[in-house]
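The structures come next, written out as structure tokens.
You will see two complexes here that share chain A, one where it goes with chain B and one where it goes with chain C.
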Partner chain A sequence: MQQLFAAIVTMALGVLACAAYFYLSNLLLDRIFPSKNRSGPEASRNLRIAGAIRPWLFLGPALIALGLFLVYPVFGTLWYSLHDRNGTTFVGLENFRWLFQDGEFRQSIFNNFLWLLVVPALSTFFGLIIAAMTDRIAWGGFAKTLIFMPMAISFVGASVIWKFIYDYRGEGSEQIGLLNALVVYFGGEPQAWISLPFWNNFFLMAILIWIQTGFAMVILSAALRGIPEETVEAAVIDGANGFQIFFKIMIPQIWGTIAVVWTTITILVLKVFDIVLAMTNGQWQSQVLANLMFSWMFRGSDNGRGAAIALVIMVLVIPIIYWNIRNARREMGGR
Partner chain B sequence: MIASTRSPLMWLVHLTVAALVILWTIPTAGLLISSLRDKDQLASSGWWTALSSSTQSTVFRAPGAEAQVEKDGRFVISGNILQGQGGKISAFGFNSRDPGAFEAGTSTTLPGNETLTVAEDGAFEISSPTAMEGNRGQRIFYTVAVPPRFTLDNYREVLRAEGLAASFINSLTVAIPATIIPILIAAFAAYALAWMPFPGRALLAAVIVGLLVVPLQMSLIPLLKMYNTVGGLLGVPGKGYVGVWLAHTGFGLPLAIYLLRNYMAGLPREIIESARVDGASDFEIFVKIILPLSFPALASFAIFQFLWTWNDLLVAMVFLGTGNDELVLTGRLVNLLGSRGGNWEILTASAFITIIVPLFVFFALQRFLVRGLLAGSVKGG
Partner chain C sequence: MAGLTLTNIRKTYGAVNVIHGIDLEVQQGEFVVFVGPSGCGKSTLLRMIAGLEDITGGDMFIDGEKVNDVPPSKRGIAMVFQSYALYPHMTVYDNMAFGMRISGEKKEEIDRRVRSAADILQLTAYLERLPKALSGGQRQRVAIGRAICRDPKVFLFDEPLSNLDAALRVATRIEIAKLKESMPDTTMVYVTHDQVEAMTLADRIVVLSAGRIEQVGAPLELYERPANLFVAKFIGSPAMNVIPATITAGGAQTTVTLAGGKSVTLDIATGTGVAGKAASFGVRPEDLQVSGTDEFLFEGTVSIVEALGEVTLLYIEGLVKDEPIIVKLPGTLPIKRGETLRFTADRAKLHLFDAAGLSYRSR
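And then the complex of A and B:
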């Protein structure tokens, strides 16, 4: 409780300090370059100078925070990746050389590609069909809320939920995990799902698909509603059936949105860490890059190797960054 | 819209959606139901059987000879097998090779010539015409049908003994300031980007879009080093709440600025220009006009940031530490997965405590969340 109280006090102070900064810095600027009650030329000169400075007062804290927490670390990580475990001795590309011949790293790359293939595709697919179907039924809103709900659950929470579903008891004893109970009910043999090499990847992916389908559904549902009625009506008049309309008229019109959903989930997949840590911690050949990086940084306390793995993740993200900026510029240019 | 509502295809749509909804909610439902079950029942039967009584086969050892009393010329040991717990006994036996040999309510003769009677409600009686000997009591095997038992004991247990209560407060301490600080900073920056002309504005906006997706992993090592250095200079530990708040602020800013800039840029130009004509300064325009009008966007981002900081594991683990007092809920849950891997009564209750706040926020404020999502994904062409 005392700690929460301290947090609230700190928070109030922080908020006050922040507000005071913006208020006082603006006041100061108006004092140094006053424009009210001044002669014409002086007032307009001061107004111009203040106008040139003020945006940077507004942007200042944000630029400092972005620089310190996102821009500087990119270069910092690059620097660490070229140094040894303590960041003291320059080792050139040694960390990368080690990386590419490390079995666990190769395993992680392989698994990450599996994740990249499966999770965005299935999440988008489920999201799309659910969006298309729920838009047509009366209780669609309710259905959407329930499918959207896992979005609010933490990856760790979701991992516990699904680990319980995958729970395994030795053959003969009663299965309390839903999946094994179903398998036994239909006459199969229970399995320890998350320790089955290769296949366990898919059981872990199911968790992320479960979480992300709601996201895809919400975005795609809005896109489907944005399709001009006339295009659909024209197709109906021309005698197209439901499937033709969906695949030939509607889907082509929302390709852009589908691509956005796909890339957003792709980025998330590259960063996925909590699920693997909580479910297997990379055992049974289920390692992924983000968890490998964490384990070298934290347990291996080798900053050089950790930074090298982080850079690999970054390199995989760069095409998406480029694509995003291009899209956003086109969009902002319109304003 | 496409298929008419009367078409048989609509039935397929209803059924498919219903199936998908069930598929998507069952995992969480299972967790919630399990967390409320008695821990012995949870460990012995699936949660989908929670409403039917479960059968358990187990053993009871009757008291030894010192408990016998003489009654009507016979020596009797009596008591109740179930010891006050509810249930209904269906069968019993005295030999482990045939633990359900006799139906409840009947009598049988034990090897030592005593008579054993077990009733359905658990009452038993061992009687003998001669005094019984020996300190070790008779073992009675029985099969009992236990009625479903629901309890809050699991929650009491995890809140008290497993440190969930402390972690809950830690999570709040992390999440609330980490939500509010970036909003303040981002709102001013977004206004500058949307409404104040300055050289390099377009470039800056593009950089921020680029920063949206820089992986968190890139920042961890340099920031941790920096924190340790700064902490060393100031004579304070490098890990702490201030560090976590600032880190979350930095990581949340690109999305905050992006969302708010887009929203503010969409506000009508006339309002802002007429205020300028009236002699209002940018600061006044921002505080009196833009901020109130931007409430929906501010709320959207606040919800995002709160969910993200509450649900975050990585930032808290790296910048706050993994000691027992420092764990946030997600970190505690990961630890419990390691140390209490098989104790599902602990895990389900703990997991539900970690997800209850986000779920509440989700159901209460879903509208803003959807709006934020729609504005937050970079739209394609």
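And then the complex of A and C:
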């Protein structure tokens, strides 16, 4: 209760402080460069100067925060990656040399690659199919709400839920996991799903797909609604069937949105961490880069190696982010 | 031969009746224009012909074949939408070729048809462009080209020119007229708000109101012999002046007393037993002239003068309260507001409608 109160007070104070900052800094600017009751040329000169300063004044806090929490850490990480585990001795590229011959790192790269291939593709695919179908049925709105709901669950929460689904009990005891219950019902042998090397990757991916399909569906559903009805009707008159209309008329018109959704999920996948940590912690060959970094940084207490892995992740994400932003810009400016 | 036949066509959306039983026969090669106020069901009717809306009741035949349950692509129709409805991700060429590719036409045949349509519409230079790189007029020509490529029996146009500016509208209208001439066997159904389009393009005009046909006829027939008050007021601009009147004597000729007390005799037969009945007397603004003699229809004060150069519009007060009579005189005239003038009209150009709004002339 007390914590809640403290949180609310902090929030209120924060918002107030922000408002006060903008209000007072603006006031101060107008004091220093007044334009009211001044002669014409002086007023216009002051107006121009104030106009040039104001954006920086307002952007200032955000820029400083970004610099402090985003740009500085990048250089910090770079520095750490070139030093030993305590950040005291310069070791050059030793951490990277170690990285590229490390079996677990290679395993992580391979697994990340699998995630990258499967999760964005399936999330976008399911999202698109569901968006297209729910737009046509009466209870589509309800179905959409259900499918979107997992978005509101944290990754760790979702992992706990899915742990129950994949749960395995030793021979002789009753299977309480949904998947094993189904397998047994159909006469199969229960499995310890998340410890099956290679395949367990896909069982973990299912969780992220389950969460991200809702995101893809919402964005793509909006895009599908933006397609002019007449182009579809023209295609009907031209004799196109449902599939042809979907693939030749509708998909090409929302291609930009599909790309944005795809890349957004791709970036998320490169950073995937919580699910793996909560489900397997990288055991049974299910390690991924972010979890590997976490392991070295905080469990292995090796700042150098952890930072080196972080840099690898960053380098992988940058081109996708660049592409994503460019695409999003084109989407917004194109029409 | 009948190109398109509608018998008792109805449309309801849930409990809302939109089209109340339309009967219409369109000959093959005819150019028919649907006009009517906004919301009267023109688009709905056109979309039912296209197959984009289900037919609630009645039968529809295209080229003698019943098409109620035939999908749009098999009806032998092509439609040009007001918003062009071009496929934005396809070039002009692909837009026109799409339908033929779907139906599995041969490459050479597709190419031949696209190029000939592009040639007719002067689009050859733009074939490789995307629609967004075209002007509004060019886009509409592409939409028309796409329709031509379908080689339809019936062309359907839903307000194709209303997104174009005035000059382009005239140019495209003339192009559509030429297009019709070059395709004498193709039936065309055209929806518009614009009277000039209707009058110039149509072989016959169908005037719709609230989901019913008010009158079908050649443009000048509707203008000269409107069947009822609705058509009389809808066709012609400015609208026909309507003055309340009472019939004083019927027969081969009819004498009426206009509001204001003036007695007028018309060459319209009304038969017997009509004396004392209320009626509406109609005269078009352009049929009125200033009278120099004691012979006149009515007298009134000029409240507004609108000099348009080509014509002068006068708003005359004094006959019906708050409803000025409009007079359209050719040329520029030295008439001032406040003047009191007398007006007369050719007897043959007068109209008389009964209390229900039906014309006595067309019986």
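Keep in mind that, in the parts below, the second predicted complex is superposed on the first by the 312 of 335 C-alpha atoms of A that agree within 3 Å, B and C clash if a C-alpha of one lies under 4 Å from a C-alpha of the other, contacts with A are read in each partner's own complex, and residues count from 1 in each chain.
By our rule, a residue touches a chain if its C-beta (ideal position, glycine included) is under 8 Å from a C-beta of that chain, and two chains touch if they have at least 3 such contacts.
The model shown is predicted, which means the values in this text are computed figures rather than measured ones.
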Will chain C clash with chain B on chain A after the two structures are superposed, or do they fit?
fit
Tell me which partner A:93 touches in the superposition: chain B (first), chain C (second), both or neither.
neither
Please indicate which partner A:228 is in contact with in the superposed arrangement: first for chain B, second for chain C, both, or neither.
second
Looking at A:237, would you say it contacts chain B, chain C, both, or neither? Reply first, second, both or neither.
second
Quick one: is A:16 in contact with chain B, with chain C, with both, or with neither? Answer first, second, both or neither.
neither
When the two structures are laid over each other on chain A, which of chain B and chain C touches more residues of chain A?
B
What is the contact status of A:255 with respect to chain B (first) and chain C (second): first, second, both, or neither?
both
Can A:24 be said to touch chain B (first), chain C (second), both, or neither?
neither
Please provide the least distance in Å between a C-alpha atom of chain B and a C-alpha atom of chain C in the combined superposition.
10
After superposition on chain A, the chain A residues reached by both chain B and chain C are 236, 255
Per the touch rule, the chain A residues reaching chain B in their complex are 1, 3-4, 6-8, 10-11, 14-15, 18-19, 22-23, 26, 30, 36, 51-52, 54-56, 58-59, 61-63, 65-66, 68-74, 76-77, 79-80, 87, 126, 129-130, 133-137, 140, 143, 145-157, 159-165, 167, 174-178, 181, 210, 213, 215, 218-219, 222, 232, 236, 242, 245-246, 255-261, 264, 267, 270-271, 273-274, 277-278, 290, 293-294, 297-298, 303, 306-307, 309-311, 313-314, 317, 320-321, 324-325, 327-332, 335
Note: in the complex, chain C contacts chain A through residues 50-52, 71-74, 77-79, 81, 83-90, 98-99, 102-103, 146, 150
Sites on chain A touched by chain C in the complex
228, 230-231, 233-240, 244, 248-249, 252-253, 255
In the complex, chain B touches chain A at residues 1-3, 9-10, 13-14, 16-18, 20-21, 24-28, 30-31, 34, 42-48, 169-170, 172-173, 176-177, 180-181, 184-186, 188-189, 191-193, 196-198, 201-202, 204-206, 208-223, 225-226, 241-242, 245-247, 249-251, 253-254, 257, 265-266, 279, 281-283, 286, 307, 310-314, 317-318, 329-330, 333-334, 337, 344, 347-348, 350-351, 354-355, 358-359, 361-363, 366, 369-370, 373-374, 377-381
